[in-house]
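Look for chain A in each of the two complexes below; its partner is chain B in the first and chain C in the second.
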Partner chain A sequence: MDFSIFLQLVVNGLLVGGVYGLMSLGINLVWGVMGVINLAHGDLIMAAGFLTFWIFTQWHVNPLLLLPAGMAMTFVVGMLSQRFLLGRLPQDRGAIKSSLLMTFGISYVVINLAQLLWGNEFQTVTYLAGSWTLGGLDFAKARTVAFLAAGVITTFLWLFLQYTNQGRAIRAVSQNRDGASVCGVDNGRIQIASFALGAGLAGAAGVLLVMIFAISPSMGSGYTIRSFAVTVIGGLGSFPGALCGAMILGLAEVFTGYMVSAQVANGVAFILFLVVLLVLPQGLSGMFRR
Partner chain B sequence: MKKYSLAVLAAGILFVAALPHFGSDYLVGFFFSTFIFVTVAYGWNLISGYTGYLSFGQMSFFGLGAYALAIAVFRYHLPWPVGVLAGGLLAAILAVPLGWLMLRLRGPYFALGMLGFVQILSTVSSAWSSFTGGGEGIYLPPTASLRPLYYAAAAMVFLGIGVTRAIERSAFGLRLQAIREDELAAEAMGVETTRLKLQAFVIASVFPAIAGGLYAWRLSYIDPSSAFPGNYEIQSILMTILGGAGTILGPLVGGLTLSVLSEVIWARFAELHLLLVGSLIILVLLFMPEGMIPLVRRFLARRRGRVPKTGMQEVRR
Partner chain C sequence: MGRNVRILLVAAVALLMVSGSAVAAEKKPILIGTSVSLSGSYAASAKYGLEGYQLFVEQLNKRGGLLGRPVKLVYYDDRSDANTGVQLYEKLITADKVDLIVGPYSSGVTSAVSTVAEKHKMAMIGPEAADAKIYMRGYKYNFQGQTQAGRYMLGALALAKAHGYKTMAMLAEDTAFPKAVSEEVVKVVPEYGVKIVFNQTYPKGAADFSALLTKVKQLNPDIVFANSYLPDGQGIIRQSREQGVDAKMFAVAVGAAEPEFGNLGSTANYIFGATQWAANMKTKGNPEFVKAYKAMFGRNPDYHSAANYGAMQVLDAAVKQVGSLDQNKIAAAISKTEMDTVYGHFKVDGRGVQVGYASALLQWQNGKQVVVWPAAVAQGKAILPTPPWSQRK
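Take a look at the complex of A and B:
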């Protein structure tokens, strides 16, 4: 492979990786705080993507301006699901299983609603065609803008978790639920907040994703698996790990897509997920922690 | 009690055997598709209901069975029953290395692993077009008669009931339920968890594979999206938890209830099908997490004035 092609692929992979990072932080957060995987995560990404596509084709609004709308929609869905559905499941040994089953049910509700509203076709938003050239490398405009937007949101999330009381409470619950409760943190409220925040991050990722890739109502589970794979690669609850994992997945997909085929690239997340779980069960950050 | 259940079984067999002779084609078709779902549900019940490993990937075996039949008939001109059995055998063979890998993963890891595996197989089937027909799929000769297919599906349901009953009452089944309740404790008590889980996984893979073969022969066409249908996955899971996961009759009772409901009530709202199935899963988990069978059993016990029996299957998962 030509070295310039190699560099170009690296650029493309990293740009996609930025959005994957944002996407996976939602799963990472919910899992850290509640020990639950939201199987509807990818479907919320899809729903926000379709909302963006719909408003964009109707009124030609800049997709970046739709970030708050996409996030708000999935945030509310997440809040209501946790408050009225998941939060009501009995908290016994079977809690993880019943929450998995329930989010699986929710995911099909979201898929069906999207099919009703927006049909079954692949759709994309053609915003910012073309690319910028820098040092002989092409930076596709849409990808670069999506990457930067993802970076900004990720930074804000980090600041929120690091420096606000709400953020500290979320981190406290994910480190030690009982300890946080003893210190006066309302566990139920934090769970609702984190589930809603996780869903909101899925929404943000969906708005950015539809600028880069074509989306369809049935694409959700592929992105749930990608988000989960990134979390597994990076290690649970680790911010830098998650971003690293996202870059690795982005690069792996772009290289596989170039060298083998785009179809096979779809399976890369799953392969990485399995290999990491079997070889490095603690993820990348676990490797450094030892 | 034993006499009573034997009588019910005999009546059931008689009804199922006689149905094509007095029922309309529509009715036979209805029961055929119900039996396909229930067969898939019996597989799920074994691995997820009894062993406690939530699988969202039973469709990988279903699709394997569907493709095995299509390829056996289309490329090798074998009779369809051979294709169906080949699918079952293939699934069992594949389930050994797959289970060996996957069953190391627990909880959400296993669930997402199996969910991902369906996509892998679906990708393979559309990418390997020289063998599987790719996105264009494989057209099979149209099925001449539904009757043999109907009887085969019915036999699979009875096999599902029989196998589940035999397993529940054996040491093997008790050990599987011990794994479900607490795998670490089971291992500490000397249960060979790895081997037993794998055995359950392999048995549970054969049911969806055979169902997939029958379904493909009935459809007489197969492509990646019809071979790995997501709605079969979620609907068979709903049937099992509606009837009662980890009970012998749960998948059958839940399956019949749901099929009749969907045929009578929401056949008119076909475009809302997935939404209704998804919402029903949510409702069952919230209001009837044990399913119908334990509820009925407790009701009967109370009427007879007996203290309800609390076996393993009554403990909520």
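Take a look at the complex of A and C:
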């Protein structure tokens, strides 16, 4: 392989990986704090994407300016879902199963609402066509902007979790729910905040995603699976692990697409998933801890 | 007083019910069943097709229906999925007991449901199945109502030959129709002096084509063919720009014929697309069809609308000729039918393969679709070569 081609593939893989990273942070947070796997995660990504598409085509608003709108919408959906649906499930032995079923149900509601509101067709937002050339490499404009925006949002999230009281409380609950509760952390409120925050991050990813790829109401599950795979690869609850996992998935998809075929690239998330479960059950972050 | 009123009301309702059922017994509607890809990746094109069916049924009822009975279209969403299509046609035939069936959208779904039609001995015209292989399996009740896949890219190939383009990269979705187009192109390229340097498929629903296009860019072909539907066609063109794939000619099989392709903005310009029909073509009844369609749906028909409308025209003529709903006779009548529909000259060979319908080619020029081939229906001249992406706004 030509070295410049190699570099180009690395660029393409990292750019997509950045958005995968942002996608997976939401599912990672919710899973880490609440032990809930949010099956509606990809559908929230889709919903925010459609909101962006809709406002963009109606009023030609710059999609980046719609990041707060997309995040706010999914944040509210997440908050209400936790407050009125997930929060009411009995916290007994079957809690994981019933929360899976509940988020599966939410996923269906979101898909069908999106179909009602925006139709069933694939849609794209044509914002920033073409690419910038730097040192002989093509940086697709939309992908680069999405990557940078994802980086900024990820940094803010990290700062929030690291340095604010609310963030510390979230981390405390994810480490030890009972311990946090003894120290005066309101468990119920933290759960609502985490789920809403996770959903909000899905919204941000959706706004960025629609700038790059076509979206349709039924595409959510593919992104739920990718986010889930990234979380497994990177390691649950690990920030750097998740980002590494996302980059690895992005690179793996691009390189298998180039060297093998697009069909294999489509399934590479599953392959990585299996390999990591067999070799590194704790994900990449487990490797550092050992 | 109140009581009297109530009795009167009950009497009125009873009367209405009796008279209603009397009418129904007299004129039970003829049910025409189909599945439509209302969701999934074929939804945009399939919706145009459905509207073609709906317009014909509406007009048919205004003319007094079929065999003196009103006609009703029964349809369900197959989600662009062949297995769902099979289940729905089973349901339409066995549970809904439809009298006639017409085909779904796409070769993939039609190929699957053609087995159901054959099993139940129901005549079916597939107006959206371009893959001729579906009709080479010795079936007796299935007829192709769409231009053969092999003809889709002939216009683009003719232009390529005229401009002396030599090398081609081809990408195709790995489902029935796009693969059939690729196979047919591979067969005929030697006649056009074109060599295929890249020929790969991608899975349905793929969104990221950057890896494939990186390879294409390396090979630097004169021509890029995307044998695609709408969302993937848009994705390939848009990402060709991002990856700086500077071919002299880009052509897509399905997608560019859709007005929605224009959502790409300036990126859509210079792109060629196969179309099997255009509003200005002088097919029989075409201007009236376009006008009625616009009035009913508030938008222009695309070629899928016309193909489905044409299929209904043929079915209607066959049933009228037979004078009953006898499926064997209807199938025999369709196989012998040669008629001018809004879509063109309908004629199938002994296997059911469409040999009458032809293909045309359009190009996006300044945000508008312009038919550029064949000369007989061209609205303008093809602009070639496509300027490099870096020189475009």
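Following the convention adopted for this analysis, the second predicted complex is superposed on the first by the 285 of 290 C-alpha atoms of A that agree within 3 Å, B and C clash if a C-alpha of one lies under 4 Å from a C-alpha of the other, contacts with A are read in each partner's own complex, and residues count from 1 in each chain.
By our rule, contacts are C-beta pairs under 8 Å (C-beta built on N, C-alpha and C of every residue); 3 or more make two chains touch, one makes a residue touch a chain.
Note that the coordinates shown come from a computational prediction; the quantities given were computed from them, not determined experimentally.
When the two complexes are overlaid on chain A, chain B and chain C occupy overlapping space and clash. Once chain A of one complex is fitted onto chain A of the other, the partner contacts of A:Asn266 extend to both chain B and chain C.
Contacts of A:Ala69 after superposition on the shared chain: neither chain B nor chain C is touched.
Using the contact criterion defined above for the overlaid structures, shared-chain residue A:Met79 touches neither chain B nor chain C, since it reaches no partner.
Contact with neither chain B nor chain C is seen for A:Leu280 once the two complexes are overlaid on the shared chain. Residue contacts after overlaying the shared chain place A:Phe228 against chain B, while chain C stays out of touching range. By the touch criterion defined above, A:Arg143 reaches chain C but does not reach chain B.
Touch criterion not met for A:Ile55: it reaches neither chain B nor chain C.
Contact with both chain B and chain C is seen for A:Ser218 once the two complexes are overlaid on the shared chain. Legend: residue contacts after superposition of the two complexes on their common chain; A:Gln115 is shown touching both chain B and chain C.
The superposed model puts chain C in the path of chain B at one of 57-65, 201-209 or 219-227, which is 219-227. Overlap of the chain B and chain C contact sets on chain A: residues 115, 218, 222, 261, 263, 266.
Chain A makes touch with chain B in their complex at residues 31, 36-37, 39, 85, 88-90, 92-94, 96-98, 100-102, 104-109, 111-113, 115-116, 218, 221-222, 224-225, 228, 232, 261, 263-264, 266-267, 269-270, 273-274, 277-278. On chain A, the positions that touch chain C within their shared complex are 2, 5, 8-9, 12, 16, 115, 119-124, 126, 129-131, 133, 138, 140-143, 213-214, 216-219, 222, 253-258, 261-263, 265-266.
Chain B meets chain A in the complex at residues 52, 54, 56, 101, 104-105, 107-109, 111-113, 115-117, 119-120, 123, 126-127, 181-182, 230-231, 234, 237-238, 241, 271-275, 277-282, 285-286, 289, 316-317. The touching residues of chain C, counted against chain A in their complex, run 38-41, 43-44, 47, 79, 174, 200-203, 205-212, 214-215, 218, 230-231, 234-235, 238-239, 241-244, 260, 263-267, 389-390, 392.
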